[in-house]
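Letters A, B, C and D name the chains as they come in the text, with residue numbers starting at 1 for each one.
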Amino acid sequence: MAASPGRLLGTAVIGAGMAGRAHAAGYRVAPTLFGAGLPVVRLVAIADVNAGFAADAARRYGFERAESDWKAVATAPDVDVVSVVVANPLHREIVEGLLDAGKHVLCEKPMAPTVADAEAMVAAAQASVREAAVGFSFRRSPAISAIREQVRGGAIGRPLAFEGHYWCDYGVDPARPMSWRYQGRPGSGALADIGSHTVDVAEFVCGPIVAVRGAVLSTVVTERPVPVGTAMGHAAVEVSDVREPVTNDDQVAFTATFASGATGTFSASRVAFGHPNTLAFTVLGERGAATFDLNRPGEFGVADDTAPDATPGYRQVLVRPGHPYVSGGFAMDFPAMGHGQNDFFGLQARAFLEQVAGIEGLPRCASFAEGLHNLRLLDAVVASAHAGGAEVAVTPL
Amino acid sequence: MAASPGRLLGTAVIGAGMAGRAHAAGYRVAPTLFGAGLPVVRLVAIADVNAGFAADAARRYGFERAESDWKAVATAPDVDVVSVVVANPLHREIVEGLLDAGKHVLCEKPMAPTVADAEAMVAAAQASVREAAVGFSFRRSPAISAIREQVRGGAIGRPLAFEGHYWCDYGVDPARPMSWRYQGRPGSGALADIGSHTVDVAEFVCGPIVAVRGAVLSTVVTERPVPVGTAMGHAAVEVSDVREPVTNDDQVAFTATFASGATGTFSASRVAFGHPNTLAFTVLGERGAATFDLNRPGEFGVADDTAPDATPGYRQVLVRPGHPYVSGGFAMDFPAMGHGQNDFFGLQARAFLEQVAGIEGLPRCASFAEGLHNLRLLDAVVASAHAGGAEVAVTPL
Amino acid sequence: MAASPGRLLGTAVIGAGMAGRAHAAGYRVAPTLFGAGLPVVRLVAIADVNAGFAADAARRYGFERAESDWKAVATAPDVDVVSVVVANPLHREIVEGLLDAGKHVLCEKPMAPTVADAEAMVAAAQASVREAAVGFSFRRSPAISAIREQVRGGAIGRPLAFEGHYWCDYGVDPARPMSWRYQGRPGSGALADIGSHTVDVAEFVCGPIVAVRGAVLSTVVTERPVPVGTAMGHAAVEVSDVREPVTNDDQVAFTATFASGATGTFSASRVAFGHPNTLAFTVLGERGAATFDLNRPGEFGVADDTAPDATPGYRQVLVRPGHPYVSGGFAMDFPAMGHGQNDFFGLQARAFLEQVAGIEGLPRCASFAEGLHNLRLLDAVVASAHAGGAEVAVTPL
Amino acid sequence: MAASPGRLLGTAVIGAGMAGRAHAAGYRVAPTLFGAGLPVVRLVAIADVNAGFAADAARRYGFERAESDWKAVATAPDVDVVSVVVANPLHREIVEGLLDAGKHVLCEKPMAPTVADAEAMVAAAQASVREAAVGFSFRRSPAISAIREQVRGGAIGRPLAFEGHYWCDYGVDPARPMSWRYQGRPGSGALADIGSHTVDVAEFVCGPIVAVRGAVLSTVVTERPVPVGTAMGHAAVEVSDVREPVTNDDQVAFTATFASGATGTFSASRVAFGHPNTLAFTVLGERGAATFDLNRPGEFGVADDTAPDATPGYRQVLVRPGHPYVSGGFAMDFPAMGHGQNDFFGLQARAFLEQVAGIEGLPRCASFAEGLHNLRLLDAVVASAHAGGAEVAVTPL
């Protein structure tokens, strides 16, 4: 059931960390993207167990109030739409509570710590009349979306190979403090945190992955100092002399087979020196190729058979009108250069609000079923690792 | 006189074209950048002679009302701060009117069509107790600002040479319609429109230019079809069969001498195929070098003497905390990748609001005196062209 | 037994195809690299079953005579050193014959079509007093060698991850004719032809690979037209209407574990649109990273902890003196820009002649034992593919 | 008068410095490029006042003898073709002597220290029946030549603007010793040494320059230590405590007008930190653009109107068959990646030998008249600098 056009959409964010702030800013900017069409968006509440974080974020992004308990959001009659942007293990309880309370829910990825949790969440969403979506924000990258259009439109022919990696350096310094990110079962580390994005992007561009092989999970920094106080995001904090073991994966590598027959090669690392945040991929097709690097989010590369014989080569394509999200999507259209990940969140918020309001416009957000599929794919990677690299089939969506 | 902390700052934008929308979005986002500190910002009015444009922009960015006459803004008691983002020939009258009416004024660049106009505007600003500034938005580029810090901090030694170009393609298609941009005296074309940015950036990074030489102005597309109806920004519109002559410069090139002794080489073009919006420069210093390209706004290059002997080279530096504007400046800090020109306008709006409110924080906007200096520099370029390339001194700031 | 200094070294090349010509040119240029030191090099013979090819190559590179039978080289008393640059299935017989005849042998990679053949060749080499080496020409890349020095010297810390791919497009056009390259058992295609280089480079830089996993071999272009006449290299030739099946791999992907604990991700393709010849890799280490792309052979990237906090990033390092092979290695040293794969062959020929002559200088060529190890590694990849991606250990060198 | 086919061509090089060695290596490799066709090339003599240099180079490149006096080359009956690769002030005497003695002469650029000298040399060449050419080696760059073909063939439309710079760092270190390069009249420094290449490349690609403007010459490092002993090329040598003034230009910048109406912007520096050897340019045309950077000699960029509307952009074109010099020009054709400046000299030697032998094949070398034109152009730059930047016409070729 969509919101009636004309009524207010009250928005809230649970979790006031870095990604939570991105969601808050997203709801604030959403109505200004693409002009009219949305119901009026109210910025109602930001909740965080750290009341100070919640208050700061609410003040900064102009939300009406701050809460320290997510249940206050669930029970608020003036809240319709809620982003859940807290530590992964907390997703299920909060999402189920929100759906029970009749809220539309945009849940950060990965959707849940386990497939079982995600299955329960899918069931909860199916039992609800509200919208439930997972925040795969890279689907809102204009460049990645443009590559998808190229591939889906046949410009490069059938995909044959996909090489993707997501390399971050947030864990490369062994002196960085322990956090919930570094503890959990194998696969709950780099694979869940960033590898999840890469496989989603791979499927977004090239269609479903049907099997994975050859997974290798490894932990490079085997223990970390316990922090003093509360960390937010990846920020540095004071640490104690106590050290605790890192129990999940710093790195992962695997291969994959797509339904199209294409072969995939994937790696993810949170200890990748020199790579603050590099999601990059190349897709090779029968008649062309395309490439993306998050370090340069406003462009992508395409090689195809349109070039003269004497001057073939990858074109450096600057994101421009005609590409997804660009025309009307920013205050200054192209040729205003550049955009970034923060913009992805505004576009995602807009898309979810349109979805809630029943408006045709931007592509819909990933469904809970897609979020579950993503987790099953990650589980298959872990299973392959446990099985010495043997192939593990991925349950179709 | 600064606004008292605690009171409201009513903002307005005159001109609802592409850049006007960027200013409007800028005022909307300004309070969310860097958290608390600003007085409450009210989004009051957007004015445009095209009432529909004004209404659309007001609705989109959440301004309370739309006006079709700038004087309605000047006389509005609830407006304190006004951006003037209209065709250059209209700047003087509106700016003087706003200052007379006691408004703080942020005027787009170039400040005025003539030095005489700009001198009058400087006088008007001096006679006013309000803030008057010119919107050189590239000064808000984190990467350009970081290069400035490198240069000013001595990391590359004394600047020896600066090569800068601003190449755009908005005029490359001869079928693109005539507009006010293409008519005026020599120097009012590419030089004023985009060359003005390059010289401001050059001085922002390397200090004052004291003389220019060797200017060559040229018109490549000598006539253009007259449009039917009103164009906004660089958008395509229907054209008639009537053609009118282009009377100003499509291209310009010149050399320059900086007070530091450095030599500059500059070019600008609005007919640069393949370059939607390329402001790029390299500064060579005694002990290092730095480079920037707007096509990749989130990074810059630096070479200096810190590299090991075996592995020297330009570093691809991703804009990150420690660089200007980054920490706290976006919803998601680094390592969230990417930002763009729209972000420059939010930072500029924030800076001007801080300036109006008397708050220490971001660097101040360029003053009217700086805007006048910029015009004098452009005038010197034109004078050099008229004098067969002979050197023309630039009046110091 | 090394050649006595002062005596002549008679050189010959068996195989006058593209790579054979590179060897021939290599022997010609070898004495001019790094000045004095080598015995006088005589350019004696080029042999090819295609007598015309042999004659052309001999004339072009100044060899004294052409032969149509490799045995004429084996029995020639004025030949000391022979490169074997023929189709892989012919390597063993020729190499064994040459060693029997007392020649020093430089055999192209991959060393043989099967591990059994290679083992026999290792035995033959051990039974001989002559030098026997395998031509892994990428070990002569100054940039790859410089990265090796960085890694081995500790500049980037212990290697943690290696991503390498070798993408070529020689098979991307299904109209390209059938050749021996496209027929053979799985693994004899892209894996043997180009994947062999990537794993050798990986081990050259990061040390031994101990196991592979997750291999996926695939054939994309399943049949090709039979050519009319003889093809040389990858050149286009006339084709007939008859089509034959492609029986080996167009693509391969796999993961690997290094003795150091590092994880590897590999892919190879001979149907990679847009990639004429892209051997590229990145190695991530504990304190740095390095990257190479054959499209730009004269440079490499390094990120490490020497950069100032404010300006970290990958450095674009131009190959220069201090890097392997550069000082004295070319007629014009750095700052003469650029070199290419042809230069690798000159350096390789020089190295092998030094080795034969017992002169200390360039690094030695890969031994037959290393060539065998490379084949065992490729066999492990194939075994992993046959075993559904399960891990297969690699016999240590 | 061309050499009769079938007879021997005896070659010699006067000057055994870095560029002299490149010429020597060029004559050695020339016959192997493009297969048959040339008369047999004898490598006869290398001459240098430093007898050791001459002997080393002769031994290294296989020349029959070394001389310490250029006159021994002029009078040698077995020498037909001579490269003159000595300090610029010595060119005239030697070239005139060689032409008098009936030799074909390939003279390094810049052709002479003064226009008057060059005029005399042109007269001497006209009075001779031998070939006389100037070694503008960048005309042998496959990538630059391919860009020329694109431009001349109309692929990018009429050229509108050319931005070119040649930045070197050989003088950036003030501790580098004094040499003849640093002393002479203004314009004999960076302008003559490297700026001469840039303007030749500009005219090679875009046609004649008719006027220059706005020249600024500057000396950055005003004195240098006197070396102990003899320097070769840019190599570091021991220096004394004595310092001498640098009397010519470290840097130059100017603008230019082409006969086509295009505008040029030029800079050259020998004190450009981070730029060992960067000749780079971009040409903007009515319907396209092209770009080159010597740091990556094996590729060039092209943007034109062949790209689909959705994916325009500069293509990274790897030099390949169909581009000048590639097919048959190297031992391994494309897809063998990479080549460099040393290869330019081999191609240049081949071209000059073809020219001497009256063989159609590669483009002819630049004539003495072209070398004189180049000097007149440089003189115009100097004259513009002396005239405060005023325009100075360039005498047409």
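Everything that follows uses one rule, which is that contacts are C-beta pairs under 8 Å (C-beta built on N, C-alpha and C of every residue); 3 or more make two chains touch, one makes a residue touch a chain.
The shown structure was predicted, so the numbers you read here are calculated from the model rather than taken from an experiment.
Student: Going only between touching chains, how few steps reach chain D from chain A?
Tutor: When the steps are counted carefully, the minimum from chain A to chain D is 1.
Student: Taking mean CA positions as centres, which chain lies farthest from chain A?
Tutor: Farthest chain from chain A, going by C-alpha centroids: D.
Student: Between chain B and chain D, tell me the centre distance in angstrom, where each centre is the average of that chain's C-alpha atoms.
Tutor: Here the centre of chain D sits 41 Å away from the centre of chain B.
Student: Based only on mean CA positions, could you tell me how far chain B sits from chain C in angstrom?
Tutor: 54
Student: Where the centres are mean C-alpha positions, what is the separation of chain C from chain D, in Å?
Tutor: Between these chains, centre-to-centre, one finds 34 Å.
Student: In chain D, what residues contact two or more other chains?
Tutor: In chain D, residues 299, 303-304, 312-314, 316, 318, 320 touch at least two other chains, as defined above.
Student: In the complex of these two chains, what residues of chain D are touching chain B?
Tutor: 156-157, 160-161, 163, 165, 167, 172, 212-216, 218, 220, 251-255, 257, 261, 263-267, 269, 271-275, 284-289, 303-304, 312-314, 384, 387-391
Student: Quick one: in the complex, what on chain D touches chain A?
Tutor: Checking each residue of chain D against chain A gives 146, 149-150, 155, 299, 302-304, 306-318, 320, 322-323.
Student: If we count contacts the way the header does, which residues on chain C are in touch with chain D in the complex?
Tutor: So the residues of chain C in touch with chain D come to 18-19, 21-22, 24-26, 28-29, 31-32, 35-36, 56, 59-62, 168-170, 233-234, 276-277, 294-299, 316, 318, 320, 330-343, 345.
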